[in-house]
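Structures incoming, each one as structure tokens.
Here come two complexes built around chain A, the first alongside chain B, the second alongside chain C.
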Partner chain A sequence: METFIIFLMALPSLADRAGDPSLNAFRSKAEARNMECTRVSQAQAHERFPGQVPEPSPRVSSNLMDIDALVCTPRIVRVGERPARDEAILSSLSQSVSDIAQVAGAVGDPDTLWHVDAFYPDPRVAHKIAVAARTHLVETGHLVSDRVPLLAAGDLLVMRDLPERKRFELACARFFAEHALGEHEAFLGITVVDPRETQLHAGVCQKGVWQWLR
Partner chain B sequence: MIRTLALAIAWGVAVTAALSPASAHADADTGITDAQKAQLEQLRAKIASQIQLQAYDLLDELVYGWTESPVFATDTPVVLADVSVPVGFGSGLEALVENHFVSLVTKNPRTHLVLTHCPRCNELIVYSGAKGTVVSRGVDQPEALAAAGAASGAHHALFLDFEAEGAALVLRARITSLEPALPIVYARTLSTSTASPALLRSPERLKSAAEARQEYLDALTGRGFFLVPMRLGIRNYAKSDSPDAQATPFPFVWLQIGAEAALTQARAWTASLSVGGTYTPDLHTGWLVQARIGRLLSGSTISLTQPDLYGFLGGSVITIYGPGATIFGDKVPTTKDLLDAATGVSKPEFTFAAFQLGLELRIKSRIGLGAYLEYAPALENAPSIGNYLDLGFIQFHNFGVEVTFCF
Partner chain C sequence: MNGSFTTAAPLPRGIALCALSLVVLASSGCVTVYQPLVALQRPVVVDPRLPNFEHTRVLLRCIPGDDFPASDAEVLCRKLGTLFRNQGATVESEVPRNGRGSRLDDAAEKPDLVLDVRSRRLHYDDHPILTVLSALTLTLVPTIVDESFEQAVAIRDAGGMLLVNDVMQARFVRYSGVGVWSVNAVLDLLVRPDEDDLTGDTASEDFSRDFYAQVSQLMVNARIRSKVLHGFDEPAPDVLLPDLQLSSPP
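Coming up: the complex of A and B.
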């Protein structure tokens, strides 16, 4: 009879292992890498998953016993499905854009009207970066426009032959000279400087002067 | 300086070429065969179907927010200017998202948004003004739309942008006023970073995440930690293969009632104690006491929508009175034994222990269908009882099925 007790007990154990996000017989390394895990307190875990995590017992003091839960969620887009740099930038988009917008917001006056654009080889990713930055600036109380300042084709031809950093300085000067940007307007440009890096750089153009933020 | 043609569309291409590092992503697709591309498309379609519900959830949350705190005080025509999905996903997901969003706004007039059809707003238009000629989407050149009278009465454009950031799906929504400066009048970011399952809210009765969670909790606790299961079952004892065995075991119909407790919040483990009785006129009367422990096998928590499969292990003490009890004895009942029992001359009684191993399919912890094999050590010496399954070290003498109703 004992054999069968063990047998029956083994079934749920195996079922639990199948749902375990860590590397095991049921999960390959690739699958484990595609999980994004966060450690949360038992109270938070109960809040999010009331059917699976019980409420913390009031009899157990948090000073005596620290119970937490590891919440693992599969990545929506698995590693390798998008170009590595796009994935790195998009995965941390909210955080990096938030950092940039925070610094940029401190540069301008409260009544500054912000124009935002992103420069990235893939226009879809550039669009995502620009939208994230605009949205974050609005949410933090800044005046933001959906319009991006335009340059003439001749300006673009000249800029194409300039060194990386000079391009933005010239573009900024031309924006102001051609009244694409006014006195109380600022342009936030977000870009990648080195093709190999996954960090976003940003600069602000105000009154014809380009200033790198990071 | 030549400044006759500034292309807004070219801004994304030409300015990028001018301001961003050259040749950065030139090799993004190189080395991918057609078969790999097809496989990738299949995978994307699969993932799209999975994130569709998450996208719906975010839209529900957005529109619910507008019903509680409308962007506009009065009904305002708005153009749905753009819906963009995560990089790598196709127009199929865009269509699903757009349809769901329009459905939500239509069914929730408290948002004060009146969606307007404006084909020119999303089309490329060419506009020549004092500063030059610009080619762009209509919503990016409101003065061109106004000049052409093509704005369909809408003075605002709505943009919905979804992006997959790791395990989270992020929705960024913004409303832009269609005036020359294109000021953004509303923007909001919503994320599924809480990793909660989709709330599946009804479009007609949107509710907050807190309210939806409370409903879920009510559904969980509504079933309670204690149930009263009533089981109606049939025990079929195997006929012995021995030539001496003359009596054929008959099915015993049992009615049991007891209490079942959930040992965990998710009802992953359950324990029950029940008493039962059986009665067949002129044949037998019996009673039993049974304890069981069950384990959920179909997942880590019971499902609100799917049947749950439990494995269980039980132990019983069974007592049978009457002529029917003679088949459990350690000798073959003779005709005289049966006649004596039937006429009341003798009062056969047999008590034995039995252990069950079985499976039960439960539907919402209300109705269950179970089947089990039973091992009774005392019946190993009963010549009238055989085995359904003999594993050498253990023999299962009885096969039972039962229907359970939980109250």
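Coming up: the complex of A and C.
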């Protein structure tokens, strides 16, 4: 009888576990990896999911009872659907371009007209990066052009034989010399420089001078 | 009455001993489920079997804390040291303790990269009612311990500039009991593919694979960021660059 009573008392714990969105004896590890989960306090969880998480009791101090919630959401793009580097870069794109735009914005004047382009092996990903950076610059109050400065074919041929660090410097100098960029214009270039990395680098070209930002 | 009492006494004692043995046996039958929460499941590009850190001096600092004893920190630093040595780095490691100076201050040759690792427990839940029930049912009902940990990684260059800062979170749910172990052992044997096995040391192995891969990736990112920020001053024979397209098509 006592066992039965204790079993009944344990039911809420077992019921909680059955509702666990991330762990399941019959769910594969790959499925569990396609959930993005984070631990938040009960108060935060109540704010986000008021129907599912009760408000924390004001009588219970969080120091006395360590109550928190595990919030899980399924990934929009499942692991393995995109190449690993594309996935790593695109899944953190918002944060990356936000950081880049913040640093770039501090380099230019308020009336600087920004031209933005991204250099990435997959043109579709490059386009996404460039659009995200333009959008972020516009959202933070900068003047942004849709135009991308172009170089002559001869310049491109010369640059093809140069090491990477020289390419951007030369391209920047040529942009200014060819009047593709004016006095009050700046070019923000976003790129990856090594196939083993999962981060974006950025530099700014202003008045013919190239400067790496990150 | 007395006779029945004396003859009955050894039986419960025997049962109790058997039960105790069973509980001890069953408590060793654990099934630990590992779940990557934050960043650990992020895709990794770097291959840790390749010499990614040749000509790179690395200082590892595993910083103990309330939930991260110095002994664990030393083990972690030793394993991370092996990881980076296997990738060609020259590695020094230390576990900073109160009152001891850092090797960074007195090293004759400054390291190229300094990696700080911290760990702390975010959450612990052990369901005491289930523990009682588990004992009463001779562990047919499992005890459950749910823990989440956070590993914070910061990588700086010799000058102290922060190159990479990241936080990883992992969750481990440990089920102990003869029932849950038996069921999972049978499922592992007959139903689950090998990569989905839960019994044995798979949780630890899965976590280690994720963690060391992520740390290797962060280190590669930090090294390349350092090169870029220093104007590619270092010789970079192994840097492979994608062809520039000076205007990306829409």
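The rule is short, and it goes like this: the second predicted complex is superposed on the first by the 185 of 214 C-alpha atoms of A that agree within 3 Å, B and C clash if a C-alpha of one lies under 4 Å from a C-alpha of the other, contacts with A are read in each partner's own complex, and residues count from 1 in each chain.
Simple rule for what comes next: contacts are C-beta pairs under 8 Å (C-beta built on N, C-alpha and C of every residue); 3 or more make two chains touch, one makes a residue touch a chain.
Remember, it's a predicted structure, so these values are computed and weren't measured experimentally.
Trainee: Please indicate which partner A:S28 is in contact with in the superposed arrangement: first for chain B, second for chain C, both, or neither.
Mentor: Only chain C is touched by A:S28; chain B is not.
Trainee: Look at A:S91 in the shared chain and tell me whether it touches chain B only, chain C only, both, or neither; answer first, second, both or neither.
Mentor: both
Trainee: Could you tell me if A:H201 is touching chain B, chain C, both of them or neither one (first, second, both, neither)?
Mentor: second
Trainee: Tell me which partner A:R165 touches in the superposition: chain B (first), chain C (second), both or neither.
Mentor: A:R165 contacts chain C only, not chain B.
Trainee: When the two structures are overlaid on chain A, which partner does A:V79 contact: first (chain B), second (chain C), both, or neither?
Mentor: It touches chain C, and chain B stays clear.
Trainee: Have a look and say if chain B or chain C is in touch with more residues of chain A.
Mentor: B
Trainee: Looking at A:R39, would you say it contacts chain B, chain C, both, or neither? Reply first, second, both or neither.
Mentor: second
Trainee: Give one of first, second, both or neither to describe whether A:L151 is in contact with chain B, with chain C, with both, or with none.
Mentor: In the superposition, A:L151 contacts both chain B and chain C.
Trainee: Please indicate which partner A:W212 is in contact with in the superposed arrangement: first for chain B, second for chain C, both, or neither.
Mentor: A:W212: touches chain C, not chain B.
Trainee: With the touch criterion stated at the top, can you tell me which chain A residues are shared between the chain B interface and the chain C interface?
Mentor: 3, 9, 35-36, 38, 85, 91, 117, 119-121, 123, 126-127, 148, 150-151, 156, 159-160, 164, 167, 171, 191-195
Trainee: Which residues of chain C touch chain A in the complex?
Mentor: Touch residues, chain C against chain A: 33, 35-38, 41-47, 52, 122-125, 127, 129-130, 132-133, 136-137, 141, 144, 148, 169, 171, 173, 183-184, 187, 193, 195-196, 198, 206, 217, 220-221, 224-225, 227-229, 231-232, 239-250.
Trainee: Which residues of chain A touch chain C once you look at their complex with the stated criterion?
Mentor: Counting only chain A, the residues touching chain C are 2-3, 6-7, 9-10, 13-14, 17, 22-23, 25, 28-29, 32-33, 35-39, 66, 68, 70, 79, 84-85, 87-88, 91, 117-121, 123, 126-127, 130, 148, 150-151, 156, 159-160, 163-165, 167, 171, 191-199, 201, 212, 214.
Trainee: In the complex, go through chain A and note every residue touching chain B.
Mentor: Per the touch definition, chain A meets chain B at residues 1, 3-5, 8-9, 11-12, 15-16, 19, 35-36, 38, 48-55, 71, 73-78, 81-83, 85-86, 90-94, 113, 117, 119-128, 131-132, 134-136, 138-139, 143-148, 150-156, 159-160, 164, 167-168, 171, 178, 189, 191-195.
Trainee: Name, in rising order, each residue of chain B that touches chain A in their complex.
Mentor: Residue positions touching the partner: 1-8, 10-26, 28, 40, 43-44, 47, 50-51, 54, 84, 86-88, 132, 134, 140, 159, 161, 163-170, 172-174, 176, 180-184, 186-189, 191, 194-196, 213, 216-217, 220, 264-266, 268, 295-297, 299-302, 311, 313, 355, 357, 375, 393-394.
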